[in-house]
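For reference, chains read A, B, C and D in written order, and residue numbers begin at 1 within each chain.
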Amino acid sequence: MAHLGSNRYGKQHVRVLRKTVEGTKHSVTEVSADVLVEGTFDKSYLSDDNTQIVATDTVKNTIIALAHSHLGPCIEDFGLVLGRHFVSTHGHVDRVHIEIREKVWERMEVAGKPAPHSFQAAASGEPFTRMAVSRIGVEIESGVRGLHVLNSTNSAFCGFDHSEFTTLEDATDRIFSTLIQATWRPMSDDVDFKDARKRVMDAILKVFVENFSPSVQRTLFEMGEAALSAAPSISEIELRLPNKHYFTAKLDGFGIENDNLTFLPQNEPNGEIEAVVRR
Amino acid sequence: MAHLGSNRYGKQHVRVLRKTVEGTKHSVTEVSADVLVEGTFDKSYLSDDNTQIVATDTVKNTIIALAHSHLGPCIEDFGLVLGRHFVSTHGHVDRVHIEIREKVWERMEVAGKPAPHSFQAAASGEPFTRMAVSRIGVEIESGVRGLHVLNSTNSAFCGFDHSEFTTLEDATDRIFSTLIQATWRPMSDDVDFKDARKRVMDAILKVFVENFSPSVQRTLFEMGEAALSAAPSISEIELRLPNKHYFTAKLDGFGIENDNLTFLPQNEPNGEIEAVVRR
Amino acid sequence: MAHLGSNRYGKQHVRVLRKTVEGTKHSVTEVSADVLVEGTFDKSYLSDDNTQIVATDTVKNTIIALAHSHLGPCIEDFGLVLGRHFVSTHGHVDRVHIEIREKVWERMEVAGKPAPHSFQAAASGEPFTRMAVSRIGVEIESGVRGLHVLNSTNSAFCGFDHSEFTTLEDATDRIFSTLIQATWRPMSDDVDFKDARKRVMDAILKVFVENFSPSVQRTLFEMGEAALSAAPSISEIELRLPNKHYFTAKLDGFGIENDNLTFLPQNEPNGEIEAVVRR
Amino acid sequence: MAHLGSNRYGKQHVRVLRKTVEGTKHSVTEVSADVLVEGTFDKSYLSDDNTQIVATDTVKNTIIALAHSHLGPCIEDFGLVLGRHFVSTHGHVDRVHIEIREKVWERMEVAGKPAPHSFQAAASGEPFTRMAVSRIGVEIESGVRGLHVLNSTNSAFCGFDHSEFTTLEDATDRIFSTLIQATWRPMSDDVDFKDARKRVMDAILKVFVENFSPSVQRTLFEMGEAALSAAPSISEIELRLPNKHYFTAKLDGFGIENDNLTFLPQNEPNGEIEAVVRR
């Protein structure tokens, strides 16, 4: 005998761009959105009866129509509009799971002057937000993925634990490169999400640039500490820092002394350090 | 004031291939493994003291060394070996999070005869297992991802809910294509994982081939029901079925009648149906 | 002063699936097509006059409409239809560059019985054809890309040239894995392309399975020789064999003797061997 | 009877990062290099004799060793060093085919101050160079790939040719987004490649930002014209401009007037416009 457990469905990767025009100056926001609904849909699983199903095509149309009236520079605000729409217009939808990813377009410049309507894809680091919206409240988190950075010095790794399988030697000066993934939890659904995002990101990157790194763990904690201190509107932050290794090239066999200048970037495997830092 | 919350670290994407030789017949198992450890590592986050850290390089070496003695055709068995090694040899490691993905190599044939030592990459569908191993027990799940299938008929979608944003029309005969993701939970860490995998997969694919699909939801539930029935050693199964749409080409503007024969595969957006089916 | 040199334009990645129905048995062919036209389009480059431009949207519509009447199991035949259509209906189009890639769907089986309308994505190896069609003739080639294979023995590499930067040692028994890319040139546009494809592929894979490989170069030549011998309708074949390295794991530091059983798959860099074999 | 035609082999995707230290200020150059050699290697194809083969592993070692002494901010200069090394040290190598791709690391800033040793992955647009180096000369080209830009207005497409398969309507105000691929040919191997690159890129982007686009073709030609005018050291430039479509969302069915503000980004198919502009 089989029973239906937790379930949800909807549309993923719905892409939309909204343009804003102020005089001759344009701005654009482009997103890719996933909207999955949870609620009373048992009939569709347990029989051929589809009457409870809001078609995923309708979910797509709704995202696009609401983008026209509500998509602006803050992806969290748009997510909340989407979530509240579905629980308020469909009585049998109890909860809406949303993820919105932004494709960031940066204003171009020519000869130092900002262009009125020309944009280039921003560097790495995809902003996102995830939320679950129900009639009684919202769980929301914000973040960034794949922010690719590198320190060419000021990083070391010494004095670690040894076992029978340890061959790594102490490194007093190494390259430290990572694709930062940070996810933070706003105190409520009523904070200034853009402001929080800027404070968190500035704090994290300042630590990366300025602090000596004795281990990825230590740098991760300092990033989290700085983010919490800079952004009072967030309650906790999770950081994931894959260690994208750069090995020092061994050139002495060729009569060349490599004084820590030439490195071999490694694709895989990678170290991976993940931790939550909270108040 | 900042505090360290839950945390874990380790190595990801450690690739290894193990060959088995029986006379002139070879077999190969290739995997990519992630091993993240949880335990007492506070010093490394809260200070410059690395003495608690088992280097991720050591984690990598351990995976490779243990693959030599223990990697065989069952990825779950290898995962258990890895997990138990870390909790038994490192007193301050409390829990090990493991994911193993298999790159499946299928034996080639020439003129209907199986080749002794030649293999080709198998079709879509990546087997994986995920587990958390601690001193007191194991949580384990097994699955497959990205198994790409298509029914050219026997699928419909009619009689669904309508709202102001609904434009989709009833479809009495449509293409149904999906990348099956199935994750099932064995009853214990002592079952025949290979046997369960085969039973689950055969049951899921039989439903896909044989059952009329009035909705993705219905097919999903029938797949889950069949898997539970075929594999007594699993307690529940989660299925994720992205609906990779194929739209009927509109050709009447060109004086061509498209009698449901020519379709436009859509890359995105996709529908997404996810549910757990349990006993 | 600037001048317009060679130029072409069109639509890329036009995807279409054509279903064929024989009683209760369905077959499907899915392709992604690029069609770029060459001809008299100077006005559009040198002025604001677009009257010469066949819109790329029209190119897309044409591909889809012609797929309805002409897309079948042979992608070369469909390419020829497309090319001839454009040069015959647009007087100022002199040449059409076409690439068609097939997404191969294999018929599924349940309990050894072929399914009437269910398919799964085939294993690696994407068939393609490329052609340039003009009013006076056709240049055409056919091929396959990314066919991922592995020999777990029967491969060696010894006795090679040495220089100051050579550190590689002779390997008497190694893994040989590659993603075969083969491109062959039919004698004319009037051959049985499906038959040639089958003959070429069977010949290549037979060499891979049966022949001892003293170097990738040698195996490549033997593959080409066998393909030419098996397929009289082709005049030459180019093979590209990236050498996807598997390094023998060094385990002796851990007191483990690795008797050529455990290997480390390398993602990059890769060797690359390319050659044309002709009659 | 089979004969060996043109052939080449070597190593691809050799990654290396070179650090430069000036006091406390670091700079980094990271590349991925392909080096394929052409020459007298017949024995390896036609027999089991490997004595002519410079192992691809040796090619890799050579790239890394030469990177230590010669990799700097100009990838073309490094390519020339590589090519000349192989033809001068291996008598039976006649020609070396090289492609070098740069992973651009941009200096980070904190509070407006440039960081001494911290970098972030640059935005889209991968610089590359390709060359064939022989004893008698060099053929070289330089370029950029995947530079992702978008104009939210100032683009139209009207008055084009019509056929039976034309359904596209005139667009007087559309979004124009593309991933610029530009490849230019320096006059010789003795020009200032860095300077030429900067001049070409600035000229192309200035056209994108400032010029009204009546068609992608027209904009392409204007870009080429501007590049040739700005960079006297190049003889010609090829531009490839995939048209990444953004369709205007049709919202009138929902009682919403979309005054050219909400767009649906399309993944595929894409237009593709390619042309050479020469002096």
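In this text, a contact is a pair of C-beta atoms (placed from the backbone, for glycine too) under 8 Å apart; a residue touches a chain by one contact, two chains touch by 3 or more.
Worth saying up front: this structure is predicted, and the values here are computed from it rather than measured.
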{"item": "Interface residue identity across copies chain A, chain B - same or different by half", "value": "same"}
{"item": "Angle of rotation relating chain C to chain D [CA atoms, steps of 5 degrees]", "value": "180"}
{"item": "More contacts between chains, A-D or A-C", "value": "A-D"}
{"item": "Whole-Å gap separating chain A and chain B, where each centre is the average of the chain's CA atoms", "value": "23"}
{"item": "Inter-chain centre distance, chain A versus chain C - centres from mean C-alpha coordinates, in Å", "value": "37"}
{"item": "Distance from the mean Cα position of chain D to that of chain A, given in whole angstrom", "value": "29"}
{"item": "Junction residues of chain D, two or more chains touched", "value": "15, 61, 65, 165, 167, 254, 267-268"}
{"item": "Of chain D, residues touching chain C in the complex", "value": "1-15, 34, 36, 41, 44-58, 60-62, 65, 89-90, 157-163, 165-168, 214-218, 220-221, 224-225, 228-229, 236, 238, 242-243, 268-279"}
{"item": "Chain D-facing residues of chain B, complex", "value": "164-165, 167, 253-254, 267-268"}
{"item": "Parts of chain D lying in touch with chain A, wherever the complex brings them together", "value": "15-21, 26, 28, 30, 61, 64-65, 67-69, 71, 105-106, 108, 110-111, 115, 117-124, 147-154, 175, 205-206, 208-210, 246, 249, 251, 254, 256, 258, 260-265, 267"}
